[in-house]
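What follows is a structure written as structure tokens; I'll ask about it next.
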Amino acid sequence: MQLARVVGNVVTTRKDENLAAVTLLILQPIAPDGTDMGRTLVAVDAAGAGVGERVFFVRGKEASFPFHPVEVPTDAGVVGIVDHWSLT
Amino acid sequence: MQLARVVGNVVTTRKDENLAAVTLLILQPIAPDGTDMGRTLVAVDAAGAGVGERVFFVRGKEASFPFHPVEVPTDAGVVGIVDHWSLT
Amino acid sequence: MQLARVVGNVVTTRKDENLAAVTLLILQPIAPDGTDMGRTLVAVDAAGAGVGERVFFVRGKEASFPFHPVEVPTDAGVVGIVDHWSLT
Amino acid sequence: MQLARVVGNVVTTRKDENLAAVTLLILQPIAPDGTDMGRTLVAVDAAGAGVGERVFFVRGKEASFPFHPVEVPTDAGVVGIVDHWSLT
Amino acid sequence: MQLARVVGNVVTTRKDENLAAVTLLILQPIAPDGTDMGRTLVAVDAAGAGVGERVFFVRGKEASFPFHPVEVPTDAGVVGIVDHWSLT
């Protein structure tokens, strides 16, 4: 999983029906020091996150677990909103 | 998932039988600002996309979900056509 | 999925039994303009491809779909031989 | 799998319910010579690891195996704490 | 799959119980010309490989197939020992 900042969202009307009720967010992955790290991506939201919040997301089929039994065809999903983290 | 632009298609007659009825598109991934980002790839189409359209696609086994119960051997698939997106 | 050129093959006698009857090819991924793109890899063949042919291959568990019900332990497989492709 | 050093942890209250009882660690992957290698990531802990310990972790759906039958939506998990390793 | 050279092994006592009987090898991926290619990684051994041997390994959940029905939480596994390969 990686930390990320929610930077936008995507509007789409023609899509797979299992994505119909799903919110699509644009994420910018970030390093633990808060700087941007790597490419933006589109993820489904399973945590009720909004633009500007810091979240962590999962890649792969696991991103569809929170929507079972619906088989959401996604490879990235926000699964938690971060309160804070600590580094040593 | 990532945003992409459909830039071409692939014609193939000798292939796995579960790919027989599937359209194969060449995608160029793009960043939210519309610029190219990363390598082109071949994806199956589950959204009825055409050359020139902006789409978002999924990587991994999830790309075969829209074709169930057929087990399409693919690792990338277009699952939605983008109307627009917003960035903050 | 990605386009590739078959550039060689691998001979191995000691291997997982579910790989026993499988042909192993060395692939060089290529871009739509035909130039090499990224690293060579070893893939199983589900399309009857030979050295010198242009193919497309799939990564991940999906590469084992054409061999069901045998659980071939592979993460890459040739699933089609390319006739031609078009770019815009 | 990769070797890593546990460098921190993440606190989050709003998250997928299947992550409720799971500890989230920040990992820095390391090379066999002990130097940092690649980006930090967030992983679930299935081995009782603590900050400062050297561990190895798994990526992908496999990271959720130790928590079955709970379907933990994670793509990275610590599965062992390293005593030592040898190189030739 | 990729070609690799076995360069070491990992000793660990505290780990997931499904990894208890599994040998952990350190691999250096190699290109078909025998030169190092990419980062070392830790893999389980399903082929009886030893340090110094040239092998090929698989990434992802497929790496756990040879151990069924045990659900080994691994994302990389040696599945064959290479006799030789040919390039054109």
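Which chain is which? They are A, B, C, D and E, in the order written, and residues in each are numbered from 1.
Heads up, the rule we're going with is that a residue touches a chain if its C-beta (ideal position, glycine included) is under 8 Å from a C-beta of that chain, and two chains touch if they have at least 3 such contacts.
Note that the structure is predicted; figures quoted are calculated from it, not measured.
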Same-site or different-site touching of chain B by its copy chain C, using the half cut: different
Distance between chain centroids, defined by C-alpha means - chain C, chain E (Å): 19
Centre distance in Å when chain A and chain C are each reduced to the mean of their C-alpha atoms: 32
Where chain D touches two or more other chains at once, by residue number: 60-61, 63
Order in which chains appear around the ring, chain B first, chain C after it: B, C, E, D, A
In the complex, chain A residues that touch chain B: 7-16, 18-19, 24, 26, 39-44, 51-52, 60-61, 63-64, 71-76
Touching residues (chain side chain D, partner chain E) in the complex: 1-3, 31-32, 37-38, 46-48, 56, 58-63, 65-66, 68, 77, 79-88
